[in-house]
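So, here come the structures, one by one.
The same chain A turns up in both complexes below, where it pairs with chain B and then with chain C.
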Partner chain A sequence: MSDTVGIVIVSHSKDIAKGTADMVRQMVGSEVKVAYCGGNPDGGLGTNVSLIIDAINDAWSSKGVAILVDLGGAETNSEMAVEMLEQERRKMVVVCNAPIVEGAVMAATEAAGGSSLEQVRAVAEELSAG
Partner chain B sequence: MTLRPDTFKSLVKVAAEQVIASAPELTALDQAIGDGDHGTNMKRGFEAVLSKLDAIGAQPLDEAFKTIGKTLVMTVGGASGPLYGSFFLAAGEALAHKKLPEDLAEVFGSGVNAVSARGRSQAGEKTMLDVLVPVLETLKADAGRGDVIERVRTTAAEAVARTAPMRATKGRASFLGERSVGHVDPGAKSSCVLLQAVCASLEAQR
Partner chain C sequence: MLETSANEPFVTGKVRLLHAAGMHARPAVKLTKLAKRFQAQISIRASETADWINAKSVAKVMAMRAPRDSTIEIKAHGEDAEAAVAALISLVAADFPEASA
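After this line comes the complex of A and B, so read on.
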């Protein structure tokens, strides 16, 4: 089987991130790699660059990784995490401008069909273009 | 104004301690127009910086800035981590081929540009840039003057007060729209706290 785009879910809340990942797994199955993280370095609500980097590496695929985020800090911290990756991986990760739950499900569905990172992102972002 | 390694170490210590001490005030400001975590986030970040103070003090200035930046990025846990982190990472990058004090405005400007790029924001949007940009202008205009430290202090204090009547269009406060008016921006306040601490420390060491 050819590789599929990996999905990373970054929420301020670990429960939301996990719940979103559970929905993706149930609706899309296990052929797409999904990683999630949530919470600040103390475990409270927030996001954590170091956990985001780990999640990107966990979901890594030769086709790249699409990140879905909830609120502002999750986006800023995800962009920071991407910049701290190894040089050759940076261009293969995108932060999608899409609602986290719907975006993750749509992105994973598209990824499961073997689509490119740009196609996966475009499908997730159509949700916000509404 | 000169910046010896021991001077720098004590600057970092004073600035970090001031941010930690102001955490309750920053949190109160953030509860008014944000999600109420700015104080605790900044406290966690600068406690991590303090824990690395000896290593930071032993590094060349550019590396020390990058260590501070990376520490903030990794420990703050809110949007202010990448924002302040990017400031120090970019200023550290600039310091690799610039000198202090003569290139201070340029080094500071590199940091301010990085914050602006990271937040996709400009001055006037009720953010930390509403303190950082006026201070940069003061540094550009008055770098050679003997009273530049005092002028930076005044600029920062006036700039933070000017964020109160602004309407937020970036960050969490923008969700509030008009209701963000009347409150000082927490990020502008933490920038002011940092700058005031650095200035006070420099004045004390003169």
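After this line comes the complex of A and C, so read on.
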């Protein structure tokens, strides 16, 4: 079986991140790797670059990783996490411009069919395109 | 339920949507995932609606919002079109069973 694009969910809230990951696993299945992170180390709201890097590593696939984020800092911290990866892995990770829950489910559905990272991103972003 | 028109290379089929909530999120994901396993171009529409949509686009399948008891029309062309239409019909007819993967 060929590898599928991995999905990373980054929310300010660990509960939202976990709930979104649960939805993806239940709706799409287990053939797509899904990792999530949310909250700051004190248990409050926030996002954290090193936790995002861990999640990217957990969801890593030879086809790359698509990240879904919620608000502001989740996006900038995700971009920072990508910048901190080894150079050859950076271009294999994208931050999708899509609503976190819907985007994650649709990206994972597309990924499950073996699609490329660009196709997965395009499907997730189709939602914001209206 | 499976009929092939002699004039065009389309395989078509129809099936009643039994799912209590209609074509909502989970059925849409299952249908899209199954459609993607085939090479054929596959389109579906809720009966009597004008637009055919790409059965491999989860956003579009979810957005069709077909209600319970509506008829889903399926058409496909390509090498494995017949198998694709048959598989999609049985998925919908069996009311999207959990173990379809």
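Here is the rule we go by: the second predicted complex is superposed on the first by the 130 of 130 C-alpha atoms of A that agree within 3 Å, B and C clash if a C-alpha of one lies under 4 Å from a C-alpha of the other, contacts with A are read in each partner's own complex, and residues count from 1 in each chain.
Here, a contact is a pair of C-beta atoms (placed from the backbone, for glycine too) under 8 Å apart; a residue touches a chain by one contact, two chains touch by 3 or more.
Quick caveat: nothing in here was measured; it's all calculated off a predicted structure.
Engineer: In the superposed model built on chain A, check whether chain B and chain C fit or clash.
Structural biologist: fit
Engineer: Rounding in steps of 10 degrees, give the angle chain B-chain A-chain C taken between C-alpha centres.
Structural biologist: 150
Engineer: Just checking: does A:V28 make contact with chain B only, chain C only, both, or neither of them? Give me first, second, both or neither.
Structural biologist: Second partner only.
Engineer: Taking the superposition on A as described, I'd like to know which of chain B and chain C A:A122 touches: first, second, both or neither.
Structural biologist: Neither partner.
Engineer: Output check: A:A112 vs chain B and chain C. Expected answer is one of first, second, both, neither. What do you get?
Structural biologist: A:A112 sits against chain C, while chain B stays out of touch.
Engineer: Taking the superposition on A as described, I'd like to know which of chain B and chain C A:V101 touches: first, second, both or neither.
Structural biologist: neither
Engineer: After lining up the shared chain so the two structures overlap, which partner does A:N40 touch, if you call chain B first and chain C second: first, second, both or neither?
Structural biologist: Only chain B is touched by A:N40; chain C is not.
Engineer: So in the superposed three-chain picture, is A:G72 touching just chain B, just chain C, both, or none of them (first/second/both/neither)?
Structural biologist: First partner only, chain B.
Engineer: How far apart, in whole Å, are the nearest Cα atoms of chain B and chain C in the superposition?
Structural biologist: For chain B and chain C in the superposition, the minimum C-alpha gap reads 27 Å.
Engineer: For chain A, which residues lie in the overlap of the chain B contacts and the chain C contacts?
Structural biologist: none
Engineer: Using the touch rule from the top, collect the residues of chain A that touch chain C in their complex.
Structural biologist: Residue positions touching the partner: 27-29, 31, 105-106, 109-110, 112-115, 123, 126-127.
Engineer: Once bound in the complex, which stretches of chain A touch chain B?
Structural biologist: Residue positions touching the partner: 40-42, 44-50, 71-73, 76-77, 79-80, 84.
Engineer: Hey, which residues of chain B end up touching chain A in the complex?
Structural biologist: So the residues of chain B touching chain A come out as 35, 37, 40-41, 44, 73-75, 77-79, 81-83, 85-86, 118-119, 171-172.
Engineer: Flag every residue of chain C that touches chain A in the complex, lowest number first.
Structural biologist: That would be residues 25-26, 29, 32-33, 36-37, 56-59, 101 of chain C.
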